[in-house]
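When the chains are written out, they are named A, B, C, D and E in that same order, and each has its own residue count from 1.
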Amino acid sequence: MEPAEPPVPPSALPKPAPKPPAPKAEAKAPPAPPGPPDQAPPDDLARPDYLAPLEQACPGGVSQVSYWVGDWTLIVPRDRLVEVATWLRDTPESRFDFCSDLTAVDWPPRAERFDLVYCLYSVPHRRRVRLKVRLKDGEAAPSVTGIWPAANWFEREVFDMFGIRFDGHPDLRRILMPDDWQGHPQRKDYPLEGPGELLLEDPLEWLKLRNAAREAEFE
Amino acid sequence: MIETLVVPLVKIAVLLVGILTAVAYLVLLERKVQAWVQVRLGPMRVGPHGLLQPVADVIKLIIKEDITPARADRWVYTLAPIIVLVPALVVFAVIPFGPETNVFGIRMPLHVADINVGLLYIVSIASLGIYGTILGGWASNSKYPLLASLRASAQLVSYEVAVTMTLVSMILMAGSLSMVEIVESQQARGLWFVFAQPLAFFIYFVGGLAETNRAPFDLPEAEQELTGGFHTEYSGIRFALFFLAEYANMIVIAAVATTLFFGGWLRPFPSVAALGLLDIVPGWIWFLLKTFVLLYVFLWVRATLPRYRYDQLMRLGWKVLIPLAIANVIVTAIAVVVL
Amino acid sequence: MTDPHPVTATRTPVQFDTDELVINMGPQHPSTHGVLRLILRLDGERVVDADVVIGYLHRGIEKLSESRDWTQIVLLTDRMDYVAAATNNLGYCETVEKLMGLEVPRRAQYIRTVLAELQRLASHLVWLGTHAMDIGAVTVFLYCLRERELVLDLFEEYCGARLTYNSRRVGGLPADLPVGWDRKVREFCDIVDQKIVDYEQLLTQNRIWLERTRDIGVISGADAIAMGFCGPPLRASGVMRDVRKDEPYAAYEEFAFDIPVGAAGDTYDRYLVRLEEFKQSTRIIRQALDGMPEGPVMGKVPRLIKPPAGETYHAIESPKGEIGFFIASDGKSLSPYRFRVRPPSFCNLQVLPKLVRGHLVADVVALIGTIDIVLGEVDR
Amino acid sequence: MTIAFYTLAAFILALGVLVVSTKNTVHAVLFLVANFLCVAMLYVLLQAEFLAVIQVLVYAGGIVVLYLFVVMLVNLKRGPETHVDPRRRDRMGLLIGGAVLAEFVAILLYGFAPRATGAAPAAAAPGVGNVEQVGWSLYVDYLVPFEVASILLLVAMIGAIVLAKKEP
Amino acid sequence: MTPITPAHYLVLSAALFSIGLIGVLVRRNLIVIFMSIELMLNAVNINLVAFSQQWQHVVGQVFALFVVAVAAAEAAIGLGIILAFYRNKETVNVDEITLMRW
């Protein structure tokens, strides 16, 4: 879909209760979060040249920088995402004009259980960077379809698979699963067996329903 | 009695059986030719080299279930294939397959009827087949067939203009509308008209491809776009009738082209006496041979070319072929008057 | 408003009248290459708008992978782009190798490159055949499949399978080349180079082909990048972007080859770019066979493949475009914590509504053909 | 000859009635084609072969196809005749039609009855329907009307295009 | 049976003409009305040809040809009007066509 299409007014989307942005220190603070380690880059490694101007242009836009097997990852607070992304796309020294991938990872026990991962690529500079946004369950992320139209279907897929909403997405529908599907299969707590039509958000609910159906069968 | 009643009836019977057999084997030929072009073998299982394949096909089509879609217009739906087929067969009545010949001791012309408006008769009857196409698509109560039938009829109507124009220039050449007289005029001039009117033949042939919905103009039946065309919903014997009509129309186009442009039953170079040896071969064999070659070209074209798009097809018809055909008529008329 | 799909609810209802017709193309349609479904809004024969409906082939490969161990996933990747299974295997294995920091022997890298390029030839042959058939040239289809058979024979000789190869292992390859295989590959390259001339004779200068493909589905380079086009379609729009050159993997760094780039960004350019890629692929294969190093084909790999905790994204150039794998490992379990594929067909298909707008129904078919999708990969 | 005439006449009238009375417009068009074909056969009976062929070619093959197109394009959601103007008088229409018919028949009977048998022309007078004769008459005696007719058709063609074209 | 005279043709043509007339007067579907007009034109043509045969003069046929040409023109224009009308008003019912402009 083109960005030109009139976006759904944000008021049309059910908004979660407004929450203050996550404090910076929280990233490493909770004890032993089952999440990616997000290793800090080694001190002797040269940092990419766009990082310093970025931090200057958007102070507080990058809450953490991580480096692992050659990939740079910037962890960005949810409410700064659009700002940082626009800067990264438009500034000549970064020019991350190609949104290579957009996906999410579910780390359930963590308070901010979802990692939204944006894999960006710069065609002129031939290099990559990843942005990461942490979200609580039910929290909506800002849509980047206005920055990279390519993100349209990716965001739909994330919505379909994880149930993460995107504010400002022009056409947020399920994409791979049927329109009337219940639940979001890529969540870690999604039940792995049972009839798909009956699967509800709550597995216990589903168990109750199934037992009721079995009892009905015996009678 | 024999002359007026039995002979024509026998002729009609022979003609009908001949055409239906020819159609069946034309389908086989098409599959074989395409297969050879495409480094395949084609049908090989039924009979030696698949020679009995048409029989199997016919049996299959007849015993298949004949489905009428829900909420289709039952009457029109049933009528449409018949409307398509009848004109395709009736046209053969005026095509002269050969000169007057002795058949079992009776001297008779090898055509069912020679009417003085023969060529116009062919054009007008052929233009009736379009009803079957439109109504078949409409009565199926389905979107794809409807779209395809609209395409088909638009295509037919526009190319008919160009084809009829080329026929006009042939009428000017021959000075007659009768099919027999057109052939005789070629004999008198000692010249196949294709050499006098190559442009007319080209337009006629392209228009003929388009009118019979053959590649590269097979849009109404483009299975890649419309899943089969106006007869998508048809099955069994009614589908077979559509199929029959399409191939019969191909034969009509080829036979008329043979009569008009390739001297009908005349041998090659009818004016060159040195080739008199060729006269041993009877006229009707020459006729069938030429028709066969033209049909082969039809198949060959299909195996080679991609498909035109609808608007390109229309542009070709209206902006290229029709002006060319009209110019050809004017030039021919001037030439006929001056010469 | 509690409707889970706000957009479907707020959409204006479609009007039916003489001018606009809504037709449904697929999921059962001969030229949607599988189970793609398009909802087209037509004005006469002109497409006003199109909506792409996918998911009919969704098998949950990403979710499935979270309960398979690391070696078993190679097998699942076969089932994504089943026309180019070997490329998928390669992308996955390289991603895991990157996570674990494994070294792959040079011979294995060379063989991987040869296999990937053979796979590119096979995939492009299927593309050329089906694309030509969509435009009505049935003969080209059969010619192309004839040549593809030869590739399949080569793969069969190498790994025993013709379609789903499972032909890579994390850290190397399951087997060395069979004796005499390289000679057969060379012969095949010669055949393909000849046959390309045949195809070009049938299509490249054919007036009908030109009219059907020129100026159809034009997309500018900037738009193509923004919309996430990748692979040959992106290059046809004039963008020099090929993962093989930009972020070399396997052994591509060591070979000389050109990246064909189009100018107009239309269907014809996409055709020309892919046709040129045939020639470049045979060129790479010949170089790889000439310089094939000796040595083992399997590197030093721990018995139990268990990458340390961390996540990475790695992309390679599949015949369809950039296929990327994002894999997160928690360092504890025997299967990936999150396995995500960036399917090139999916991203390219996203552009389809933009491409078809304003064109005719017949062009929709040509455009589905030109972006070269495999639904197994789109839906996963 | 006689049998053929009566059969054709019966068909023509029956099909005419069907055209006028059928509810389904597509069926009406079909009956109209059949009607025109029967009229063409009548022309053959009257030794006007050329006109018969033209009738089939232009009427059946051209004009009625146009009708069919329009009928299919005008795919109505509700029945085309649901709304009735309260001022409409259908009976009157029938009555007027019947009256006109009666009038015609009366005139004919009055005018022809006395000489009906005597005026029968020689049936065998070949050549009236000859294409050549029609051509001579058309292009020599009636050249100006012919050209006017062609201008009329041209104007009609342009007018139809203008009317049917969508406003951009 | 009596031989067929022009009178027979005239009666036939008169009957056909009246059928067409009734159609024009009674039907409300604009397309059917047009078809009824075609019927009337055909009735006239039958007349012309019958007289042409009676007087052994080709002029009747020539006139019939002109009638055909006029019918073609009328069909093209009339159907164009119907289509244009249908686009604007979504109806082909003459009873609903009560305004000269809208």
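The rule we apply is simple: contacts are C-beta pairs under 8 Å (C-beta built on N, C-alpha and C of every residue); 3 or more make two chains touch, one makes a residue touch a chain.
Bear in mind the structure is a predicted one, so any value in this text is a computation, not a measurement.
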| item | value |
| --- | --- |
| Result of counting contacting C-beta pairs for A-C and B-C, higher pair | A-C |
| Distance-maximising chain from chain D - centres being C-alpha averages | A |
| Far-end chain from chain B, centres as C-alpha averages | A |
| Rounded Å distance, chain B centre to chain E centre (Cα mean) | 34 |
| Approximate Å spacing (C-alpha centroids) for the pair chain A, chain E | 71 |
| Centroid distance [mean C-alpha coordinates] between chain C and chain A, Å | 26 |
| Touching two or more other chains - residue numbers and ranges from chain D | 50, 54, 62, 69, 73-74, 77, 130, 166 |
| Chain C - residues contacting chain B, complex | 21, 23, 29-31, 45, 132-139, 142-143, 146, 202-203, 206, 208-209, 211-212, 360-365 |
| Interface residues, chain B side, partner chain D - complex | 73, 75-76, 79, 115-117, 120-121, 123-125, 127-128, 130-131, 134-135, 138-139, 146, 150, 153, 157, 160, 177 |
| Residues of chain A that touch chain C when the two form their complex | 1-2, 8, 12-14, 34, 36-37, 39, 68-71, 97-101, 103, 105-106, 117, 119, 123, 126, 128, 130, 148-153, 161, 170-179, 185-186, 190, 192 |
| Partner chain D, residues of chain E touching it in the complex | 1-12, 14-23, 25-29, 31-32, 34-36, 38-39, 42, 45-46, 49-50, 52-59, 61-62, 64-66, 68-77, 79-84, 86-87, 90-93, 95-96, 98 |
| In the complex, chain D residues that touch chain B | 24, 26-27, 30, 33, 49-50, 53-54, 56-57, 60-62, 65, 68-69, 72, 130-131 |
